[in-house]
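Below: the structure, in structure tokens.
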Amino acid sequence: MLKEEFVLSKTIRPRVDDLDLPVGKKTRLYRIFEEFSPGKGRVMILPIDQGLEHGPVDFFENPHAANPEYELSLAVEGGFSAIAFHIGLAEKYLKPFAGKIPVILKLNGKTNIPSDAQAFSPLTGTVEDAVRLGADAVGYTLYVGSPAQDRDIRQFMEVRKEAERYGMPVVMWAYPRGEAINAKGGRDSLYAIEYAARVACELGAGVGKRNFSKLENEKQKDCPAPYNTLKVSLEEAIQRIVTAAGRTFVIMSGGEKVEDDLLLERVKTALEAGATGVIFGRNLWQRPYTQGLAIAQKISKLMAEV
Amino acid sequence: MLKEEFVLSKTIRPRVDDLDLPVGKKTRLYRIFEEFSPGKGRVMILPIDQGLEHGPVDFFENPHAANPEYELSLAVEGGFSAIAFHIGLAEKYLKPFAGKIPVILKLNGKTNIPSDAQAFSPLTGTVEDAVRLGADAVGYTLYVGSPAQDRDIRQFMEVRKEAERYGMPVVMWAYPRGEAINAKGGRDSLYAIEYAARVACELGAGVGKRNFSKLENEKQKDCPAPYNTLKVSLEEAIQRIVTAAGRTFVIMSGGEKVEDDLLLERVKTALEAGATGVIFGRNLWQRPYTQGLAIAQKISKLMAEV
Amino acid sequence: MLKEEFVLSKTIRPRVDDLDLPVGKKTRLYRIFEEFSPGKGRVMILPIDQGLEHGPVDFFENPHAANPEYELSLAVEGGFSAIAFHIGLAEKYLKPFAGKIPVILKLNGKTNIPSDAQAFSPLTGTVEDAVRLGADAVGYTLYVGSPAQDRDIRQFMEVRKEAERYGMPVVMWAYPRGEAINAKGGRDSLYAIEYAARVACELGAGVGKRNFSKLENEKQKDCPAPYNTLKVSLEEAIQRIVTAAGRTFVIMSGGEKVEDDLLLERVKTALEAGATGVIFGRNLWQRPYTQGLAIAQKISKLMAEV
Amino acid sequence: MLKEEFVLSKTIRPRVDDLDLPVGKKTRLYRIFEEFSPGKGRVMILPIDQGLEHGPVDFFENPHAANPEYELSLAVEGGFSAIAFHIGLAEKYLKPFAGKIPVILKLNGKTNIPSDAQAFSPLTGTVEDAVRLGADAVGYTLYVGSPAQDRDIRQFMEVRKEAERYGMPVVMWAYPRGEAINAKGGRDSLYAIEYAARVACELGAGVGKRNFSKLENEKQKDCPAPYNTLKVSLEEAIQRIVTAAGRTFVIMSGGEKVEDDLLLERVKTALEAGATGVIFGRNLWQRPYTQGLAIAQKISKLMAEV
Amino acid sequence: MLKEEFVLSKTIRPRVDDLDLPVGKKTRLYRIFEEFSPGKGRVMILPIDQGLEHGPVDFFENPHAANPEYELSLAVEGGFSAIAFHIGLAEKYLKPFAGKIPVILKLNGKTNIPSDAQAFSPLTGTVEDAVRLGADAVGYTLYVGSPAQDRDIRQFMEVRKEAERYGMPVVMWAYPRGEAINAKGGRDSLYAIEYAARVACELGAGVGKRNFSKLENEKQKDCPAPYNTLKVSLEEAIQRIVTAAGRTFVIMSGGEKVEDDLLLERVKTALEAGATGVIFGRNLWQRPYTQGLAIAQKISKLMAEV
């Protein structure tokens, strides 16, 4: 469809059927993005890797959450599209829930004890593990802009190649991180997050994931021009991120727990701006079980309606 | 078994039959945890890798202990569940004792001569070595939080994959170590040990091992909140560690030699708090032979009764 | 054809038929350099990897360009010889354009967030990916003179070997880069660019690519003699680069956007000096679509005529 | 053979028949330790790797020694149990002497030009080379306590695995080395040498090799307790080393050339203390040929008689 | 041939028939050292890798030399024994000259832009490339004494193993280099060059190559004793180097261009001292073609007569 004057199509959230995927990848993504979708091809993902990434400190607010059965129950009952965790939890806790909730097996991770200046997450599992465990996708964390990004991009390439062989979708957690990005406006700047979205797209991730942008940031002045003076609303920011990600799904993450109304408002903004879904961990499982279910239902409803 | 309001089950020590293990792993773990158990699925493990980790300095108190036959004899006569050592001792000393005591082949180690700031233990053996020698498990030391943890997690992943292939259980010695944890309350803080327990669980270790927590620590104030001000008893601390480990067995280690009553009291506390067993080296083989046997019998009796 | 007094043949731009290539490489290069040539075996290549190398900051001038369909449309309609990009864009955007434009799959890249002092681009794809996607060449960026050049030369060697196996041509982006070249006159010096051209030739790249030399450089005095005092015109400089490259095609790149007349003048100079073509990114797709097409046609016409 | 009160057997020098070796290893070790023994299972080994480790500087005292035929002749005529050298000398000089003297092929080495602070010896050959050349053992130098010991232990593990496959014995030159041991009493302390002996035993070396301890050392005070104040005779020191080595043969090395009587006295002490033999290089081949033969005969006689 | 009093044979230059070589290596070396010898098994080798190692700066004196056809013509017409270059030049320029001049394919190299403090040359090609291109030997540059020598020795070992498999001779360019040798008298000291010669011999290089020693050196006092005070003539120095190299051929290199008489005198001295040949690059191809041919003929004549 070539044309003399190129007309940029309005940013449109892609759906699985719109993508030209190998059959294995399509089959698996279809489960997550359509069969287990709250509606309209949107997704709601529950991650439980904070025990590795942050330590048990995240479980003080709700000690029940230290038991992975808590998150698995919540994911199944709350109508989530997938649960995301590492090999250890998958092997020890998944079987009673197997088939009732799609799994994204996280393939790399680290503790937050050493400094993040040269952030890099080594492999904790493989695509073969994901195949053996019946997972529908694998997850990979790339620290965009880290001085260790050379090892990271190479390691991702090898994961992508193995995933290609098995028809396994790859979700990239593309996080700006490390001392270099800290000096250029920080990991939460629109500059950093947009850049990370584009990196995920160019490197061949099938599904991307981004933080909500914290725009009102005193470090903005350190960003490269024109980001250092850019004034955008949260919705515009997310639109920019969705545009940068191109045909890579954008799943917004929530970070620390916030109150209900703010959370729902953020979800609505993200959906309207073109995000395909959300990945909320602490905002879900740091709540008492019934409250967690309740907020999950509200998000689910929003996704089906907006 | 989903329920509207999630009820956190009381911390319960798992037994081998409770875990969903591949048949090879179950067969091997069953020998250690049931056939050679003092009772109730508990274990008593004798390690003799201090000659590599600390050097012959540990043998001054009881020079007989420098001969690995000493530990092998003690393990067999004392009714231990397993002996843990490196390939060299296994190849040179095991045959007369083979079949009489299960073996955990330690797969990585180091000397303590260089600084521990970037602690990392390279491989000294492989899962194939363990299979060839008839071992019932392999042991791996992961230095949680070390600046070298990226290499460590990756190396463990490769061990785990090979162990998966052969149905070989993996015991992880998950030790907080290195300059980063020293700056956050130190390697003996509850923060560090709980975190390490969770890491073992998420990374897929089948059996974890932890130090006794030294809670009365002047460095506690450097731990991340809320650990910096947390007041817990030793029993509560061990409960927290057992909870963090989830379905990973917790085997408490003893460290330096202490007097009998204190040792037995610690064992009792650990068992009551949900630990599955103990791994005592210097506390056993730094004693004269008959005294070592005597304390082993007392521990064994405690395990069968508590 | 030996002779008593060696007569240096005048620098002559080689054509595909002049080179002694394996049949697979010749078939593929023929598509780019003859079938899709504007004429006379010259080429016009459109790169779209700036989203990875520089980030979305390059798309502010023309936001349409953030959508890879923009560059693909421009390449097809504008009569380009090839488009060059990474695996992610190839997998997600190429199919509607497949067969209508030859592809050079870029195999390594990085973000510009960390410092370039030790510049090195890790692999993002493989020659097998290129074969699978029907690409006619692969692209590799070597940072000549970087302190990391040992890893880079080795990595290139492995790419070259794999390319040899599949009859896949290799285009080398041979860029002087890093703290060492900065201290010897900088990456834009004739010294650096000539050296890089020779490196591409000796290391076995099939097609080389060079920046336009910025000769009027205050850092020239830091170059090794005799470059520190050398006075040459732009045409002479390009002739020297073409000579240094030997039987490696020289494709000049444009860098930042400049105005039309200057751009066309530069192309003419490059062609007259023996360059085989140009690779223009921002100078093309930072323009509105019809203007991009217009300048592409002017360059194309120049190539067929000069 | 379990007993209620463990009786530590007096340190006894093991012989090949006492060890439980795979048949290939036993066959090969038997040649060195019995067939070519001066008697009583003792050995006398001639090393000629100083040209690599120290450079030709070691040949000034006796320029004839620069020709490896000198050492090969001396080894055959002097009744040595084996000669130890690198692949280059084996390939270029061995054939006329092949079968007349067992060979220990050294598999790693380095020059002494760079600092030893992070000492590490890379591979110069492989176990397959040893098999191809008919060697009866391979030699590996491990720098115990070096900050590079992680790479070293791993590299040794891979050598040991390959040796296992071919039934090839491994002799470990376990040398304390590097800045860390320098700060703890130095490489010649009993602490360091005993520790190294134990490391060789635990890592699975079949035959160990140790320096003579230089006990009267002003750095002793820097050793960890109780070594810092330990008072032992040379014989007691060697007994401790033999005990630490366990079932690993202890072959004492001589270091720099000393006068005859002192050398013979040292050998006698070592043999009485349980060492299995000596490995003397400069003390042999820095002498004129007939003198070298003469001292070799004296050592040989001592070995058969003491 | 053992004897009671070892008689050091006078240093004798070995010929191919004197060495015990595998048949493939002998066949290939025979072409270079006998079939293409100027006489008496001596060799004259033309290297053209300076474009990679030094950059096009070396071509200012004779711009024709930038075209590799220049060196190939000179090598064929001048009666050289072999030409030495990298994969890129071999693939692009060799075919018209193939069979007319033996090729030594250089397998590693680097630019001289970064500092040489930690000198190391990564692989640019493989033994398989050499086999595919009909080369008669491969060349490897080892930076003896560089702090990176651990990687270098290991890399060489892998090249040697592959060469063994294919019966391919290995020529080692054993160059003292890096900050450690600079502190011990420098790379041109007799100490350094003799040491490098021995390293080549012990590591298994089939043919070695050395610089002419620059003896009158103010840094000599920094050499280890007795080199720091050694007084030797150039001929004695070369004899020492030839002795240190043992059965490794010594090919002397020339370095920067010098005038004819000095060059011929140096060649004569080297031949008389036992060197097997010369490898002259800039001294040949920095001259006008007929002058280059003329000096080549003079060297050739000298080789046949001395």
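In this document, chain identifiers A, B, C, D and E correspond to the written order of the chains, with residue numbering beginning at 1 in each.
Everything that follows uses one rule, which is that a contact is a pair of C-beta atoms (placed from the backbone, for glycine too) under 8 Å apart; a residue touches a chain by one contact, two chains touch by 3 or more.
Predicted model only: the values in this text are computed from it and were never measured.
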item: Interface composition of copies subunit C and subunit E: same or different, split at half; value: different
item: Turning angle required so that subunit B lies on subunit C, C-alpha fit (0 to 180°, nearest 5); value: 145
item: Gap in Å, rounded to a whole number, between the CA centres of subunit B and subunit A; value: 35
item: CA centroid of subunit B to CA centroid of subunit E, Å; value: 57
item: Shared-contact residues (touching 2 or more other chains) in subunit C; value: none
item: Running round the ring (origin subunit B, first step to subunit D), the chains in order; value: B, D, E, C, A
item: Residues of subunit B touching subunit D in the complex; value: 49, 51-52, 55-57, 60, 63-64, 66-70, 73-74, 76-77, 85-89, 91-93, 95-96, 109-111, 113-115, 120-126, 128-129, 289-290, 293
item: Residue ranges of subunit D in contact with subunit B within the complex; value: 1-6, 8-9, 19-20, 144-147, 149-151, 153-154, 157, 160-161, 176, 178, 180-181, 184, 191, 194-195, 197-205, 224-227, 240, 243-244, 246-248
